[in-house]
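Both complexes below contain subunit A, partnered by subunit B and then by subunit C.
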Partner chain A sequence: MDYFFFIDLIQSTVDGLLFGTTYALIGIGFTLIFGVMRKLNLAYGAAALAGTYIGLVLFLTFDAHPAIVFLASALGSGAIGLVVYLCCFRFTPTHYPMASLLASVGMLLFIDEVVIHASHGLPYPYPSVFRDAIIEAGDIWIRGDLLFVFFMCVVAMAILFWLLYRTPLGLATRAVSQQPRAAQLCGIDVTRVNMMTFGIAGILGGIAGAMTAAAVGVLSPVIAMGLTVKGLIVVVIGGLGSIPGAIIGGLLVGAAENIFLLLRGVTERDIYVMLLLFIFLTLRPGGLFGSAQTRD
Partner chain B sequence: MMLTLENLSKHFGGVRAVDDVSLTIKEGEIFGLIGPNGSGKSTTVNLITGLYTPTAGTVSLDGWDLTALPQHSRTSRGVARTFQNIRLFGNLTVAQNLWVAQNGHEQRREHFLSRWFKPGGEHGPDIDELLQFSRLYSKRDVLAGNLSFGEMRRLEMARALASAPRVLLLDEPAAGASLEDAELLAERIRAVRDQGVTVLLIEHMMELVMGITDRLAVLNFGQKIAEGTPSDIQDDPQVRAAYLGSGHDEKMERASA
Partner chain C sequence: MKLSTLVTASVLALAAAPVVAADKTINIAGFGASSGVVGIFGQNSGAAMAAAVEKINAEGGVTLADGSKAMLATEFYDDRCNAEEGISVLRRIASTDALVAVGPTCSNVAEPLFGILQAKVDDAGDTGLQFPVFTDVAIKGGLAGISEWVFRNTPSEATMYDNLFAWIRETHPDAKTIYGGVEEDFAHSRFTWYSVMKTAAEAHGFEVVGEAQWLLNDTNFSNQARGMRRAEPDVVAISAHPFTTCGMLREMDRQRIEPKVLVGLTSSSSLETLTGCANEAEGIIIPTSFAPVNDEAKAAAAAVEAKGGQLDLHSASAWENIMILKDVIEAAGIEGTAESLEEDRRKIRDGLATLTEAPGLLGANKRMPDGEAVKPYVFVNAESGNWEVLHNPGS
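What follows is the complex of A and B.
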């Protein structure tokens, strides 16, 4: 193996791991919602993208500071997450999971249509920071914008962990995800916990969307499909319901994607990432961190 | 007058699981609810805690109508229960299980942010005291999922007590317990009552029911067929008929002996 190829491989892996934190955030969002409701929200990726567009509107109309744009993207996505909850989950029958699943598919397509209509299907510039900063570590270059993406996503995860493990809300959320009926009888308003979870997962999705756009400096409607599909692959690999699993899964998908990009080119890249999905579903359907924990 | 069920009915399709049951449980008493399998005991508990909406009738506590309240609001009004099949938060520690119950019922809108984002908070009964009372103090930092069966049962009851209930519903707390364990359980139930908590006990173990209840009611096919003190019930011909052939007759004899 010649030296330059080896350097390229390392470089791709490093870039992939840094960018993989956005996939990890999306995976965590899927996992959080599944944790409390035992239901898959397929509109999650699209809602994250739509929230990112809210930040973009501020950027295009007021030329807002990148920090404001990112914040608006995150909060906008949180708000859309609440709308998705109210439309697809709050009032659908609990004992008919298909209803909310199909409602969320409908919502995915609906949000997609609205975004394509509003953006005319065209990509727009999205603020990117530390574009020109590069840290040289020998022959490996660490891109400043990717490092920023990585840093933001890690901070978001740290705040989430603090919420989950250090606050009453987190304790209530964990109680609901383990035993919803008993949690209710401990006086916890399960509906409110579900709603908070959709909001928080939405904010995480918005951060992931904003950082995805910031990493390439462009926001385009096609990102919705990427976020949805990659997010699902991440939770399959990590194990649906496991937050550490979503983190590891996200980094893995990020790295694998970049390595396939290097080896097989951009047109073939996603084919191999999809194959990963089938390999995991067949050989390890519970994912790396699949929990054996049961509930009714 | 404390917990009152008035003409309570619950029908599942054509099945009358609970059929026009009226009960009045007085403050500070231990009230037993017995009956053969499928007689509607658990459905009655689920109607009181709000899992089911009654087909007809009302549930009230101290004259407050609970019938339209969701489950979590009934807890803050002072209704707590344990489950026949244990439902602990398996991945939380023993102390955290109690903490959830202690704080859950205190969430109120005006305290929303401070309550949900600030750790700590001292409300309701003292967790350490509850742990000692339930003989779980040494296990306080163990995950609930790793406890033994008996410890899980004790934690279920401690968790129900952590929400500072006025009425405690115990759904077959002695299931799977030995006679000695049942005696310890009876002691704990009496101690709870002595603290001023009204107890509704649903139980198959006749020794326990006859030994500690002040009054009890018997359900059969969803209907109340008798109500009175343990000795009244043991002499009731209708009750004997209901239990005949279901294998409980012998137990009744033994308990009354």
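What follows is the complex of A and C.
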């Protein structure tokens, strides 16, 4: 092993960990919704992408500042999250779990098609910040824009933790997540909590979508499938329902895919990531931080 | 006297009626990806076909075997760049009264789709579909050889890149090394790098010092760009579609990779690349069989734009195909009736097979015996957000 190999290994790990925060955010979104409703929202990645396009429209139409574009992307995604909740989860029969799952698959395809039709499938430039900023530590380069992505995702996670553990809304959310019937008996409006959860998860997804597009510098509908698949892998590895698990899972998947890319090339990279998923599903189906706790 | 004049005029009018009235319609189907992430190819082809049909109809339509006039009509079918859907779409088109189909847009659809057609005409043992297909977009080389019912009006990438690297060798004698970047999971991108660009570059004395691979929906190119930076190539060739081309160009910019010459994939000489990353794409050189360099090409571009599309090297072929088919319809003696449909389709096939030259927007296209075309081309480069002609090998 030569010097350049070690440099590449460190560089790949650093890039992967920084980019992995976007996977972590998507994973948190999946896990939040699952934690509260015990249902998977497969339209989540597509909704995040659609929200990102809302920010893009502001950028292309009004040449809006990147901060406004990112904010609009996050809020837009939150709003679409609410629509997804109302269309796929609010009114579907609770005793038939496949209904909401399949409805969310339908919504995934629907949102994807709408985005493709509206954008004609064209890639559009998406604003980046600190694009040309590079921190050079010898032969290791740390991208300023990825550091920004990392910072934004960490801030989003910090706000989420504050919301969940320091506010009445968070208390209600955790109560519904643990004992929905008991929470309802205590006067908590479960429907409202569910809606808020979809809204917050949507905002996180929008931030992830915006940060992914900002890191690439281009927004294209092809990103949607990546967000969905990576998000699902992250929650399986981290443990469905566990927010710390989603964070660790996101960083792990980000680093692993970059290291596999370095070691085995792009054509085998995803094989090893999927193998990792398979190993977790077989040997540790609850993921790294999966809780065995049950609820009523 | 007046009565006889009236009767004569009426008889003449009645006799001439079929010649003047254009109550017949000749249907030409278009198909390809008009939705999905590469849907822009089909949307542009559909617009180009509609604009060309409108022009022909405005000039009186096409003349049929009996001397009567018929209007052309076209309808575009979406195959979503999916091979199974493409096959199903072509079977559906063959069951309609369409005389010929123009498409598909994706090489990964074209290859299996051509396989369902009869390989050799008049081979009684081959029960393959007997329906003429005149391809406009799917550009991967050599596909027309799969069936004698297939004709293509796509540019020869092998010829274009061979001449491009010869020209680069001549204009940049100090450039010695080349580094390739390829979108590994897209048939056209792979084929063009491994079988066309790389071969042409080596043939003209460039040393390949490395290759970077990525996938169609990748979002992180830092690993790939790092290898490129270390190799310090004089020429970088990117064989990828606009989304990842833009991603890679941005990463190259970030890692301060500044080759003397940047070469792109034919399909990237489109609006998409300029929409996505005009600044980073500045200076990229691409050979293309279409640029609005003469009055006819400019008029065609304007007509297609009025239909909501863009004329690029792919959709220009769709325009040309309709114009070529008009000539073939008139030369082959198409009857245009329901009873003659099978026979008319065969006449179209035979008519296309006998062509040795066909009109094109940049000049005459040579028609090859294997159903392929050799088209005139130019080298364009991205300059201030536009594609500008850098060199015209034909001039």
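Heads up, the rule we're going with is that the second predicted complex is superposed on the first by the 294 of 296 C-alpha atoms of A that agree within 3 Å, B and C clash if a C-alpha of one lies under 4 Å from a C-alpha of the other, contacts with A are read in each partner's own complex, and residues count from 1 in each chain.
Operating definition for what follows: a residue touches a chain if its C-beta (ideal position, glycine included) is under 8 Å from a C-beta of that chain, and two chains touch if they have at least 3 such contacts.
The shown structure was predicted, so the numbers you read here are calculated from the model rather than taken from an experiment.
Asker: Kindly classify A:113 by the partners it touches after superposition: subunit B alone (first), subunit C alone (second), both, or neither?
Answerer: second
Asker: Thinking of the overlay built on chain A, is A:216 touched by subunit B (first), by subunit C (second), by both, or by neither?
Answerer: A:216: touches subunit C, not subunit B.
Asker: What is the contact status of A:93 with respect to subunit B (first) and subunit C (second): first, second, both, or neither?
Answerer: Touch partners of A:93: none, neither subunit B nor subunit C.
Asker: For the three-chain arrangement built by superposition, which of subunit B and subunit C touches the greater number of subunit A residues?
Answerer: C
Asker: Kindly classify A:121 by the partners it touches after superposition: subunit B alone (first), subunit C alone (second), both, or neither?
Answerer: It touches subunit C, and subunit B stays clear.
Asker: Touch check for A:138: first (subunit B), second (subunit C), both, or neither?
Answerer: The answer is neither, since A:138 touches no partner chain.
Asker: Just subunit B (first), just subunit C (second), both, or neither: which does A:8 touch?
Answerer: In the superposition, A:8 touches subunit C alone.
Asker: What residues on subunit B touch subunit A, complex-wise?
Answerer: Result: residues 49, 51, 70-72, 75-76, 80-81, 83, 87-92, 96, 99-101, 103-107, 115-119, 121, 145, 159-160, 162-163 of subunit B touch subunit A.
Asker: Under the stated contact criterion, what part of subunit C meets subunit A in this complex?
Answerer: Against subunit A, subunit C makes touches at 35-40, 43, 184, 213-220, 222-224, 226, 230, 242-243, 246-247, 250, 254-255, 271-272, 275-277, 280.
Asker: Please name which positions on subunit A make contact with subunit C in the complex.
Answerer: Touching subunit C from subunit A are residues 4, 8, 11-12, 15, 19, 113, 116-117, 120-125, 131-132, 134, 141, 143, 212, 215-218, 220-223, 225-226, 258, 261-262, 265-267, 270.
Asker: Considering only the defined contacts, which subunit A positions touch subunit B in the complex?
Answerer: Within the complex, subunit A touches subunit B at residues 163, 166-169, 171-172, 174-175, 178-179, 181-190, 192, 293.
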